[in-house]
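Each chain gets a letter, A, B and C, in the order it is written, and its residues are counted from 1.
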Amino acid sequence: MTTLTKTEETPAPNAADPFLSVRDLRVHFSTEDGVVKAVNGLSFDLERGKTLGIVGESGSGKSVTNLSILGLHNPQSTTVTGEILLDGQDLTDVSGKQLEALRGNKMAMIFQDALTALSPYYTVGRQISEPYMKHTGASKKEARARAIEMLGKVGIPDPKNRVDDYPHQFSGGMRQRAMIAMSLVCNPELLIADEPTTALDVTVQAQILDLLKDLQQEFGSAIILITHDLGVVANFVDDLLVMYAGRAVERGSVREVLKQPQHPYTWGLLSSMPRLSSDVGEQLQPIPGSPPSLLNPPSGCAFHPRCAYAELVDGGLCTHERPLLPDGRGAACHLPADRKQQVFIEKIQPRLG
Amino acid sequence: MLQFLIRRAFGAVLTLFLISAVTFFMFFAIPQDPALLACGKNCTPDALAVIHQNLGLDKPVPVQFWDFMVGVFAGRDFAVGHCDAPCFGVSFATQQNVWDTILDRFPLTLSLSIGGLIVFLIVGLGAGMIAAAKKGTATDKVFSSASLVLSSLQIYFLGPVVLGLFVYSTGWLDKPKWVPISESVSGWFMGLLIPWLVISVIFTANYTRMSRSTMIEQLQEEHVRAARAKGMSRSYVFFRYAWRGSLIPIVTILGMDLGALFGGAIVTEFTFGLPGIGRLAVQSVQDKDLPLTMGVMVFSAAFILLFNVIVDATYALIDPRVRLS
Amino acid sequence: MSIFGTRKTRAVVVALAAGSLALTACGGNSDSGTKDKSKTQEDAAQQSQAVIFGDAAASTGPAPEVPGARSGGTATVYQDSDFSHLDPGQTYVSDGKLLDRLIQRGLTQYAEDDKGRLTLVGDLATDSGKTTDGGKSWTFTLKDGLKDQNGNAITSADVRHSIERLYAPFITDGPTYVQAWLSGAGTTYRKALPDGPYKGKHLPDSVLATPDAKTVVFKFKDAHPDLPQALAMPGYSLVPAKTDTKEKYDTAPVATGPYKIAEFKPGKSMTLVKNENWDPKTDSVRHQYVDGFNIQYNHDDDDQTKTILADRGEAKNAVMFTGQVSTNQVRNVVNDPEAMKRTIQGYAPYVWQLNFNLDRMKDKKVRDAITYALPSAQIYKLDGGAYGGETATGLISPTTPGYEKDYDPFGKLKKPNGDVEKAKALIKEAGAEGQKVVYAYGNTPVRQQQAVVIADRLKAIGLDVVKKEIDSATWYEQVGKVQNGLDLYMTGWGQDWPSASTVIPPLYDGTQIQDGSSVYSHINDPKVNSEIQRILKISDPAEAQKAWTALHHDIVERINPAAPIYFTKVFQIFGSNVGGIRYSTDSSYVDVTRIFLKK
């Protein structure tokens, strides 16, 4: 089914190391107004065959993280420091050509909106074939056959004919499938899906997610799913990373984070989400305030200006000292564990139902 | 596509008819009598009446328009001889067949426009793309500021300056003149070199700026980033994905500029003393030369309409969404 | 020549359309610092002597050689636009006249000496015409060996045809003097031969007779002593009967002069080559030095001046026809001694005058006041400076016989910038302080700038001026209306041939007042009217000239229908290889018949 062959020269990855390991990643953009610290010391690991969800508001740094993994940031205005180890290879340290060889091949990305992410000027088939030809050296004919195969695999009916269609001739869901086909054409080991279903109808969303899951099982890829939709996250991911103002503020398995959230920001995210079991007329609780400026982040805990529980912390610690995120399961918050538990049980849990 | 062309052709014919009618009737709204120009020194009402009769101006205006339209499709007879269809009549001022006069002037205006077009498209789009690719660098800044300065120049300013420098003072180049390409290719080329350069300097600047900004815009498009995410190389994405998208606004502006280039031929032709359609247009209006005015108007309009159809067809070539919708 | 007509207007409008800055430049002022090298009135005085009527000897070819002249080469001519007409019958304005001198011949033509004195000589005719009855009938005899460009012999029938075809309806733009004298004034002459000679009809022998193949006799009811001069106009040049193509003749005329049209691309160029059938022995004036002329259109004055001044390549052989040194290039030319050697200067026949609409400006004191007040020098400086004009003292141009350089009733020479005090006093005397006057002007840059100067001055002497701008394309049409609603307007007029008879009657004969006539001031004085009729019949040129001069004085001093402002001048430059260049009193531009190339 696949003609992709791995060369033996690639050093065998250390079994103990995770497939993707991001260590103290910092992504800073220099702008006319100053330096924007879009990602500021982010670390996480991802195993093969696993799915990591990253949630957070717009501007929390989740998309930037993924673009910098792919090396798609603007090299002139962006500095990336830290380590991005993919299969033992540090991506911050390889040449543009090497990255090009990896992109679309070993790692691929699914964009939020296939309408804008597929070029309107070329047929779907051509856009799927392109990376395949480039990465495998396949001929046009082979690549076309592969494109048809991939379209079939992602559930496009009559792929033989639709392969010559242009993206605008596809429906929204079909386009998204086509883009998934384009991303998966070289059997990537790492798949980054940036809000892959946001632009779609709810029914189609489920189909797409199912498709991704099936494909993951087939190829054994690692997936990073970026979303702000916690409903999607619950059914799909293994681990969850909550980001706020360029940093991870809570981490754990999806169960842990959703059932026992520890960070007030996570509480806020969960509370602002409608659920079927809630009473009609019950108010959603949006997080007050707006996301902080990344040019000039607040001192101490970046969330403190919006945090309802900051005064529960003694000595105004929240305003001048940044809480650290412990390794493994945990949250970056100064609230002592007992108070946290108390607040969660009294105020948050009832709302989550 | 065929249906599209048929539809457009039909629309064009209708537009041309309307332009003819409006021009014709507007001409008679001008309170100036074309006969006065052929009426010698002591122009008495009697003498005017004779000229009116000679020019056919004594008939009611709708009848004159009908005669004109008949001439366009079937030809007409004049005192100076028969005029084959498409007959736009015989010039009041020169007694020349209008259609032949226009065809005689057309190669110059076409050479001027197309030659300038080629130069400014190549240089302008090229410079814009380089600037976009090197956005923020010194190259970009030089290109961008140079184009800003150059785009504020006008042909009637730059033209005499170039003539003064390269023709009158130094004699490095010959004065622009019209040599048909059929007579001498090198004469044609050298004769139009200065006008081409001057036109293209002015238009180039606009196209540099436009090509730069649309390229930058296109490079930020999601599909361009997606193509990069597929592992396509920078230059491949630049030329295949971003450039193709940047052509749409450029073709749109080009469609308008082609009209302006044709119209701007008036200024260019006067600046360089070249006998083209633009000069003919001005002359015909000054001479109150109805047949020539009509001919030039309809011809130019037809040409601009043709350009519009070409531009629309080019859209379809560039963008499949246009093609199929 | 006609009033400043379509050509001039067109050039101005064209420059405007092209966005040219050339015409707004104020070259006149720049001259003040440099020594005025412009032609003085003394030189021009030659131009105003009465024309001599030449005899057979003066009319016999070949023409005397031009010193240093050499044959060969092709001259380049730069022109702004097409000649308005090629059909002689339609030709009236100057550009057509210059071309006509090269390719056509009429019964008479002017010979000029080095001083610019004119002698009317026979051209196709053996002499300048014979009359035995004081100008009522005129006899012309054709020379031997005359041929047109096709080699056909020219006979008296061709001359008759050339006159008769002017009655045909398609001839509308040329002069009408001779037709009117033969068959009736205005347009009534057309009734004598409504279709011209084309349907086999001819004028009766009692009007125009051709007793034999070489003789033509014109017979008038009244005496017309000016006929020989009228016949020298290009409008009366010969059109061979056999090859007359009527309307089409205007694009392809048959040549009788030393050159013929080899190629004509309307709006682009015209090539003249030698007419081998022109025999120099039959022509006492024209030469055939250059092999041909390459006439290129679409070069405006500025372009022509710059190109010829730069003197490179084919511009070394370049000739101006009706082009002039452009106002904003005057300084560059004047300050270059080498270039000045390549120029000619002379008077143009136009007199710019400020007409008083006598229907409205009835108080002579006010008219005199304005005449005293106007700053002529400031006004012509805006129209080319010292090389474009000169203070006018009367209404007769220096080019017109009868011009007196000392005649200066309003003291304009002493006070070229106007006499405000005297004007103020006159206005006061007339009790006209605050009187409203409407000053009209065309919307060209020169006229607009002049309007500012004139309005300021009228204000300064106590009048309430209302400026009214008029589309220059319809200028003469509008001010030519009897009910024009205007008080003051400037017009230019030039003679048709060197005689006051082509200036005073058209401008000051009140019996002609109607819409479209050139009696712009609406002067209608019985004494003037009757004098005009009397003088027109005087057959002795010298006596007639005396009478015109007296009438001129009477008009200016007793009536003052128009304030003289300035005489126009001509300033042309040529390529360094062009020889034989000389100002022609006849054409008021370069004499094209004697041009040669030095090498």
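Everything that follows uses one rule, which is that contacts are C-beta pairs under 8 Å (C-beta built on N, C-alpha and C of every residue); 3 or more make two chains touch, one makes a residue touch a chain.
Because the structure is predicted, anything quoted here is derived from the model rather than measured.
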item: Chain pair bearing the highest count of C-beta contacts; value: B-C
item: Distance-to-centre winner among chains (Cα means, whole assembly as reference); value: B
item: Centroid distance [mean C-alpha coordinates] between chain B and chain A, Å; value: 53
item: Rounded Å distance, chain B centre to chain C centre (Cα mean); value: 39
item: Distance between chain centroids, defined by C-alpha means - chain A, chain C (Å); value: 90
item: Chain C residues counted as touching two or more neighbouring chains; value: none
item: Touching two or more other chains - residue numbers and ranges from chain B; value: none
item: Residues of chain A engaged with two or more neighbouring chains; value: none
item: Of all residues in chain A, those that touch chain B in their complex; value: 70, 72, 76-77, 96, 100-105, 108-109, 111, 113, 116-122, 127, 130-131, 134-135, 166, 168-169, 179, 182-183
item: Touching residues on chain C, where the partner in the complex is chain B; value: 2-3, 6, 9-10, 13-15, 17-21, 81-82, 84, 92, 169-170, 172-176, 186-187, 190, 246-248, 250-251, 265-268, 296-300, 303, 306-307, 309-310, 312-313, 473-474, 477, 506, 512, 514-518
item: Footprint of chain C on chain B - complex, ascending; value: 31-33, 36-48, 50-51, 53-54, 78-81, 93-96, 101, 104-105, 154, 156, 163-164, 167-169, 171, 174-175, 177-178, 266-267, 269-271, 273-275, 279-280, 282-283, 286-287
item: List of chain B residues in touch with chain A within their complex; value: 136, 221-234, 240-241, 244-245, 318-321, 324
